[in-house]
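Chain IDs A, B, C and D follow the sequence of writing; residue 1 opens each chain.
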């Protein structure tokens, strides 16, 4: 029962706003003996950080992560080893420009949580979006960096598969391409299309939505549970907890609604090595809430950034009608930076279920 | 940390398999003083129960719900009043035909959880699907019947909006129509189309997917939380926990990926009564994880029933290749009976968040 | 966050009142493959059930436990095997004498929860104490019966060590004696003293308090956690959750306040078998919240039954002063029947921590 | 399911070791609008900090608390107001003397958690006790400072009532005296006795146990729950989570075992103001797990500090027998500094139950 925690055995609590001194997370329940280095961890944060191309916000944040507890330094002077106690990570906020917030302090920006915060809490940290700031996700990415180490052999990767109406051609999918463009796009043919389209969006002070796909390989068969701890359910919850996400699907997702049982069945044969082989993966690696051993595949839809330059009608906290434009350094497509965030959430969810399965069944090492 | 529980303050634990003596749920944390009658509760279960048309499974289950604890009988001899202690509800299984399970006891049906159960637990109740049986959802519907009473003025309704590729025309939406056809279809023009299509599916021993939409009206503004207890996140989790669900979306959902910030903004004006008016509801009633006071709108995609008459390739628990057809009394489109289940899950989630908000802020009565 | 659940991975939810149709529990998270028989389970319930001597309440309840879910019957037709899904157990209430509750329906019995229930819930099931009925503990004992099987080699036993001011002589402790007298007394010399004393209490319509000691042997070293999941903390919580318990201590408990660090230290030497030997066990088998491998020892104090024949001053729900005597079939010393309950709670707590350790560290099988 | 979290709606997660850069806590679920100042918070920490008399450890830690998130600064430039988002507090470690840990890095100090940590985690932060360091309790005290503000009218106070065999005379109890001596002793006649006794203990390099009593006034009647969320149960859990605590009791506690139902009954009369009056408080303010509105009274026993100068037998991590003396700056009686810690834990527990009651019943504002 936590508003700012996710996971059960691999349990992540995040805290902080973009305009306070720092933000961070506490990871409770991490197994002891997990080895990692700060540069490894930082690399994940660097994937998410703003200012890396003209297609994302130009804010400059170093997003340097510090590990404050729960580790010992190995004899090599570099490797950190988890001790089984809470791992506290902190990222200090450095780019807090002094700014005039007087307008948005009172006005409710359409599509933002301004109105709902005020109704709920009666008080709102209007500086930089408060808890809803995209900066909060830096803490998730840090946690994900550790989660990736918890499950032996786990590989979690993500890619952007759609911006606006422009979808990639899945036949062109090339993981090596993902790091070669500013979009985490796996289809080289789509990169120039997105470049042109997003430039026009950006120049118009507009924004657009996107779809991210995240895939986990090396997930052992058998994690998850049949009912209210389904692996797909917890993935849906994790991904939907990312700001601006409006939809989540597993495997063929909404496409499953359109097909027949014959088309949807993932048939099986025994492999030569004595392991089962699935002849397809419509299920996205999960049957009855439990992993099959195939890649776990999820997609999520991100709405367009609500901060746009076009004037929109709204009200303020005094109940007056106002017209509002959101100036500032915003992402024309927040979906781009959502890729490493989605990866992190998927990694944390799988790590959690790995430990939960180990607790109940004891079959995994 | 429960595999068979959902919710935090309105907390529902379900138990039971379709082929044991009974199944049921325990609702912990229900406020005291909630008044309901058994017939009211039973009415929700009757909406879900099988055998009501040729388009759903022909199994006959009375699904009679008993309330075993947590209530006192009012002086009227009919109204039950919750006492604030756990409400235990039980539904006895009555249609347990003796049947030869020897084939499916060993074979893994494609699309079913047979293989994943065996990997995880090393033991599997192969009779009727075990915990993955659709019968488990009867307990959810019972819990939902109580949840509907927890939030004053709450109205939760659902409808089937797509079967296979056949989508309703939303301009024809008529809530009064939903109860007049065997599909919970709100578009009278679509009913004959679905009838013809599902008859062909049914006769072919095939199955098809569907999309359900659930809508909650009367949700007070301000429930939910900004990050890991977002109202939409918990709705996604609740709906994805229903068997066969492969995708969930809120408001315009995956459609949000295709549009711009201008198109997506729900503008606001002050109403004459001093309350804000939203000029649209792309957000599905939730901003920043917190309800806006508008209707909360969610959709979920259901895959086609995996039990089909066409032979499919698979393996058995001895590692041999087998070819398998699933005989029996199955739903050609499980999406139909998912409508009351989706309503129940939405009602439970909103009731839970209503209590959570009351706990933290004390602003709701 | 459950009012009626305890445990995290071995998670027990109980429900029911003494005057409804039944009571029971749902155990979620039990490992699959645990084997037990109904008679084994029933034996634990029989230890707790009333009416077995003149020193406990003369109510007659058979306390027959039914297992409704989560198990499969082994080929021997007798052994039940857990499947990893929720184990629902139910005990039907059979001795519901029709009785005139009009007096206690309104009056607040001193020492009972009547007043506090009415303040909290605004409604109260006055028949038989509602949720505070000692009958609720039957469900705990059933859960404990399963918990005992979860940890290989675990042996949990309890004994009554004090009634009123009469304490046993610990030098006389004989486990074989515990089953030979109606008090679970390990000191044969104390049995006649307690007999005489309790007869006088019983005849006077009075009651008296007691102290129970519970001991777990075979607890593997290393379960528990340093801070808020200390094994001793969770044992304290479990035991204090039993009705009428007013104090809990671990190892030398309150006695530790009176001694020095030299006296309190449990010194260690290496044993010939390569395992450490503790030269004493003041710690009660727990250091820093984590088990040492020594026997885990806890004691709890039970207040005298509040139901006594002597008239006491009180008020009623109309705010009038009343004088009240509690007639009925009450235990002169509820501490006696608390022995199997304390054992059950200790077993459940250890089973839970066993699974939690396995989840986090993976070192236990 | 957290190893380093306590509370449900007022939820405190602590992190950090004494020899890392910092330690702290995250409070999730704090109501919005709670007003406090840093000096108010710091005052609680100053009560707990070491070095304030010759009877506690001479380590010098400033224990300066920083609030990193979850608050806004009021217009007065001094008052912090909670926003309803997580309150992250941090205390930097400043007195980390470089020290030779080579001996204790390998040896298991009797009475410490050295052996159990190594068994459990396979790795141990031997510097300063790791998570078991008394410094961790600074974070609890910080959280308690906020908790005290959550329940209107709540007053939580504590006192030391026993050192070794020397118990205070309760007839001398004077709250004003508690702040006037280095022991938090409420009995002025006992102060010189404890001074002399503890001086001899201190000079001998020995240590001794103690008993602390904590009392909460202004607790509204009706908080808590009948079974597994009893207020007394959660208090027992909270207090037992403090390092070195070996026993907890509520009201007359273990004394309840020695008396009769007549002696134990807290009789009631209606007061002139229309509120009930209890004629005694043997129950310690809690009946059936629910508060009566009387003062909530709890006591806990603290074992003697395990760090003593006298040589004790032990083993090391290589399995060799060793003899070990624990040098360093230790508390001769850790019970003294446990007083503000006990207060903090009681305040947090009551705040949590206050919010839980509000969530379920809505009757409290």
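Here is the rule we go by: contacts are C-beta pairs under 8 Å (C-beta built on N, C-alpha and C of every residue); 3 or more make two chains touch, one makes a residue touch a chain.
To keep track of the chains, here are their UniProt names: A, B, C, D = Chorismate synthase.
Quantities reported herein were computed from a predicted structural model and do not represent experimental measurements.
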| item | value |
| --- | --- |
| Rotation, 0 to 180 degrees and nearest 5, that superposes chain B (Chorismate synthase) on copy chain D (Chorismate synthase) via CA atoms | 180 |
| Pair with more cross-chain C-beta pairs in contact, given A-C and A-D | A-D |
| Whole-Å gap between the CA centroids of chain A (Chorismate synthase) and chain C (Chorismate synthase) | 45 |
| Chain C (Chorismate synthase)-chain D (Chorismate synthase) separation of Cα centroids, rounded to whole Å | 26 |
| Centre-of-Cα separation between chain D (Chorismate synthase) and chain A (Chorismate synthase), whole angstrom | 38 |
| Set of chain B (Chorismate synthase) residues in contact with two or more other chains | 1-5, 8-9, 14, 29, 32, 84-85, 120-122, 130-131, 226, 356, 360-361 |
| Contact set on chain D (Chorismate synthase) toward chain C (Chorismate synthase) in their complex | 1-6, 8-9, 14, 108, 110-113, 115-117, 119-122, 130-132, 136, 162-165, 201, 206-211, 221-230, 232-234, 236-237, 240-241, 243, 246-270, 274, 276, 279, 282-284, 286-293, 301-308, 310, 312-315, 319-321, 335, 356-357, 360-361, 363 |
| Residue ranges of chain C (Chorismate synthase) in contact with chain B (Chorismate synthase) within the complex | 1-5, 8-9, 11, 13-17, 20-24, 26, 28-29, 32-33, 66, 68-70, 72, 81, 83-88, 120-125, 130-131 |
| Residues of chain A (Chorismate synthase) that touch chain C (Chorismate synthase) when the two form their complex | 1, 9, 29-32, 84-85, 226, 355-356, 358-362, 364-365 |
